[in-house]
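Below are two complexes that have chain A in common, paired first with chain B and then with chain C.
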Partner chain A sequence: MRITVILRRVLDPAGIVAHRRLRRLFINREEYILQPADRCALEVALRIKDAGDAEVVVVSGQPEPSDDTLRRGLAMGADRAIYLCGESFDDADDAVVTSVLKTVIGQLGGADLVLAGATTLDTGQGQLGIRLAEALGWPQIVGVRSVEAKNGRLRAVCQDEEQFVLVESDLPAVVTVCPEAVKPRYADGVRLINVYRGQGEMAESLETWDVGDMMSADELVPLLESRGRDFPPERTLGERVEGTPDEVAQTIADALRQRLRG
Partner chain B sequence: MDFTFSPEHEALRRMIREFAENEVAPIAAEIDREGRVPFEVLHQMAEMGLLGVCFPQEYGGMGAGEAGYCILMEELGRICTSTATNVGAHIGIGAMTIYLDGNEEQKRKYLTPLARGEKFAAFLLTESDAGSDAAAIRTRAVRDGDHWVINGTKTFNTNGSFADIATVMAVTDPTLGARGGITAFIVETDTPGFEVGRHEDKMGIRGSSTAELVFEDMRVPHENVLGKVGEGFVAFMKSLDMGRLTLGAAGLGGAQAALDWSVQWARTREQFGVPLAQKQSVQWMIADMATEIEALRSLVYRVAWMVDTGQPFTQVAAMCKLYGSEVASRAIDRALQIHGGLGYSRDYPIERAFRDARIAEIFEGTNEIQRIVIASRIFREHGVRISP
Partner chain C sequence: MDASFLDLMMAQQEESFEEAEGGGGVWVVADVEGGQIAPVTLEAVGAARTLAESLGAYVYGVLLGHEVTSLADSLYQAGADGVRVGDHPDLDSSVLESRLAVLADLFAEEQPEIILFGANATGAALAPRLAQRMGGGLIEHVTAFSLEESSRAVEAGFPVYGGDYFEIRACPEARPQFLTIEPGAFAKPFLDEYRKGDPTVLDVEPAEPATRVLGPAEGFEAPRVPLSEASVVVAGGRQVGDFALVRRLADRLGAHVAGDRGAWDAGVIDSDQIVDVRGTTVSPDVYVAVGIRGDTFHNAAMESAGFVVAIHPDRDASIFDVADLCVEARPDMVLPAILESLR
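Let's look at the complex of A and B:
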């Protein structure tokens, strides 16, 4: 079974201070972590690999100046990594990344399962996996908690409002994984050292592909133009509930019920 | 000159920090309270390859060198000195002796499972009458055909109660002193005659095990002699040099934690209408802590680089241990002062850090011994021999 996992990175929130009054973001330490949901997607892939026979390929799912993201994926246990780069890729938006990833999967000779994070820590978007499924014309299961792949069929548990739903699908398929789905493993230290030194079994594991060689210039023109960034509106304060404990509990229960219905 | 960490060491630090914060921090107070060795954490570290961080990959290690080992000890020292002590005794002195002085067969047989973390190591040197004066040991090994018969008692043995493999120093020729009369042995702790005695009830590092060990007619095969007969003292001293450096690294972590707590507290705690950060008395303490920590960090990683590039390091390793333990104690003492009564309370980690830090001025050679090592090297360059 061939599994492709899309990995993206995000600035470590511990190194950032947001200053609302100055409308500025201070980056004290420019350190990146794997998107937590992407890391869970990789863990899901590695568990499928542990349980049977699978090759796990990680692909960078965003334009970025470093290949650290993929090295972390390799250190956790991925077999092969494709680092996408190229000047023309630097301004890519989700639409461009989607068409590039579709081409990459084609050049890898297809995949039985594509896994990606269901959400991103910084922007909260979960677009990439959904767009990719659409571009590939494959079934998609969004926001899963657990995945089982057997005999060409896929069984996944996802969360639908208050209940868990078991979903089945044919392969190939695209699945996006919740950041709470599984506890991802730590990297294997020996793999980590070898990945960075390019030695031992990890010597050939990281490949660099130039996006400019794979796509025409037209295909790399982003659809979105960023005009600037601002803070979202401040959260409004909640309501204070007064009364005896019973009254307070009743009011809260009523409010929750109202919200679920509404 | 280049003072930057390599990308693999940066990545290793991130991995260890995440592990220490997620897996070790939540149990640090509990293992101190209960006086229990956190095996669950040690097994996880074994799986990640951390228990062989500095040993070559051909012997089951990670191959991250002494710099990698210092990173591990610094990050563990930040979170839990007990865990750092368990790991340090295993890697830095227990397994290290076999790595430095073992022959190829001994390394394959004993170092490999230790580096993989499948087995645990201990380093057995100290006796009731041989502390700082390590050459005064009385544990006796007598040759009997293909075996040596060992009798004696070792005290204050970190990991000794649960280790699978121990390196033991014993007198093989009482007529000769430290040079020629003492031999190092590799002992499998399930050997008949190896008995675990009293456990120490300690002031700090309570999540590590310190026990007395008694050897009664313990028969060790001659092939388990480490290095040459009569050269055990030198072998053990070499391992201790290596251990001293990483104790400095653990002290660095402890001092950094104390600074981080203090800055956090001084930002938010208000007295006389302003945060403590606005008080010059506190600012000066913070500035002094940060300066000492920066100096210690430079020393520790420079010495790690000296080890990894094959330079002599006995004197500077002693400086690492001496300075690292004192910087940590001073930083934690200042952090306690900044936190006031809350720092003295068991609800805050400073109280534990304070007790834990104290041992580093004593074990693996008291700081007085470190000063002797440093001074003797200085005087030796001027043709003066000093004796301890």
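Let's look at the complex of A and C:
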């Protein structure tokens, strides 16, 4: 079974400060971590690999100071890593990444299962995996908690309103994984060292593919463009709630209900 | 000036009016929740109305489900100019393919300019698939927008890192523009009971589902979310009086129980429940501080919370510096009433 996992990176929120009064974003420490949901997707893939025979390929295409994202994936247990690069690819949106990934999966000779994160830590956009499902014409299961693959079928647990339900699908399929789905494993120490030194069986497993060779320039034009940032208003002193205990309780209960809705 | 010249001028004016109307309007895909139109759909219709008025376009609602035709009235009342209804048993369940097929056919014919979804499970599953099929751009979890009039593109803002700041994106060329509207971000429109209309019924051809729901997942328990990633936290301190009330409030809100160092000293919480820079730093959407005075260490560990409610008997307690709602009262006086109101 061939599993492709899409990995993305995100600026560590501990290293940035959004300054409301100056309306600026300060990056104190530019450190990238794996998107938590993508890390869970990789863990799900590795659990399928542990339970049976599977090859796990991790793919990443975001520019970063070092190719940490993929090396971490390899250290956790992936068999092969593909780093996509290309100048015009740097500011790609999810629609462009989708068409590139479709080509990559084609060049890898297809896949039985594609796993991606259901959301991102920073922008909260969950469209990449689902767009890819549509582009490939495969079924999708969104926001799963656990996955089991057997005899060409896939069974996943996902949340439906209040309860968890079991969903079945044929393979190949695209599955997006919740960020809190599973506890990702720690990277194996020996693998980690070998991945960074480029030694042993790891030496050949990190490949760099140039997106410019695979796609025409027209296909790399993003649909969306950034129009800047906005900041919430500066924090002011809170509102004092006065009145009888019952009135106060009603105000608090209404406020809590409104914040917790949806 | 002869009459034919006037005719010509009027014809030109009519033509330019039709051009200005452009596209196929602003469309809202409705959601049904418990036999009613979902609140987020009404909010989306309100948002669509604002967009449509700036664009000089019409607002349309699409209502898919089983035995939902009577709900079309609420969409008209909220501000829709036209409603399309697809009423079929297959559209009721969570079968994605049937809904997708109906929407794709409809939108291919109508060529909408903007399509709005609610940012819930349905919107999250449908909007990206439709956007990919129709070659449109999609911006998810939109909380605010403005219109760039020259390109008729929506500049939509969505929260980044849970609301630390907002990123603004636009889709300048590709049409339709897809947006999913965050629940609660836009005001619910006034429901005008005198607005009425006659919905158009759509032909529904059920599609073969690609995934099957087998039933409840027996014996599956989601792993416990650690306190540092909790979305709702109820924390108690020295002035709480009866700590059982804090636990009951947490139960009622589906929240994590925590406390400050004082609560730990008193032995009512474990060491992994201390909210403190030396303990756990939290950034939940809602933080309720009950009887916590709020020293520097505690406040620094929770100040990135989205919404803070503080209850403390001392008017000068420093927790009130970081709270959004401040109640100056003994917790055991107000907590029972709050529990009663939340019932």
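Here is the rule we use: the second predicted complex is superposed on the first by the 225 of 262 C-alpha atoms of A that agree within 3 Å, B and C clash if a C-alpha of one lies under 4 Å from a C-alpha of the other, contacts with A are read in each partner's own complex, and residues count from 1 in each chain.
Quick note on the criterion: a residue touches a chain if its C-beta (ideal position, glycine included) is under 8 Å from a C-beta of that chain, and two chains touch if they have at least 3 such contacts.
From a predicted model like this one, the values you see are computed outputs, not experimental measurements.
In the superposed model, A:Asp230 lies in contact with chain C only, and not with chain B. In the overlay built on the shared chain, the residue A:Val190 is in contact with chain B alone; chain C does not reach it. Ranking chain B and chain C by residues of chain A touched puts C first. With both structures placed on the common chain, the touch criterion links A:Ala203 to neither chain B nor chain C. Overlap of the chain B and chain C interfaces on chain A: none, as no residue is touched by both. Interface residues of chain A, counted against chain C in their complex, comprise 13, 16, 18, 25, 93-95, 98, 121-128, 130-131, 133-135, 138-143, 145-146, 155, 157, 159-160, 163-170, 173, 180-183, 223-232, 235, 237-241, 245-246, 248-262.
Residues of chain B touching chain A in their complex: 6-8, 11-12, 14-15, 18-19, 44, 47-50, 53, 57, 62-64, 68. Chain contact summary for the complex, chain C toward chain A: residues 39-40, 94, 96, 120-121, 124-125, 127-129, 131-133, 135-141, 144, 155, 157-174, 182-184, 210-218, 220, 222-223, 225, 229, 232, 253, 285-286, 288, 306-311, 320-329, 333-334, 337-338, 340-342.
Residues 31, 68, 71-72, 75, 186-190, 192-197, 200 of chain A are the ones touching chain B in the complex.
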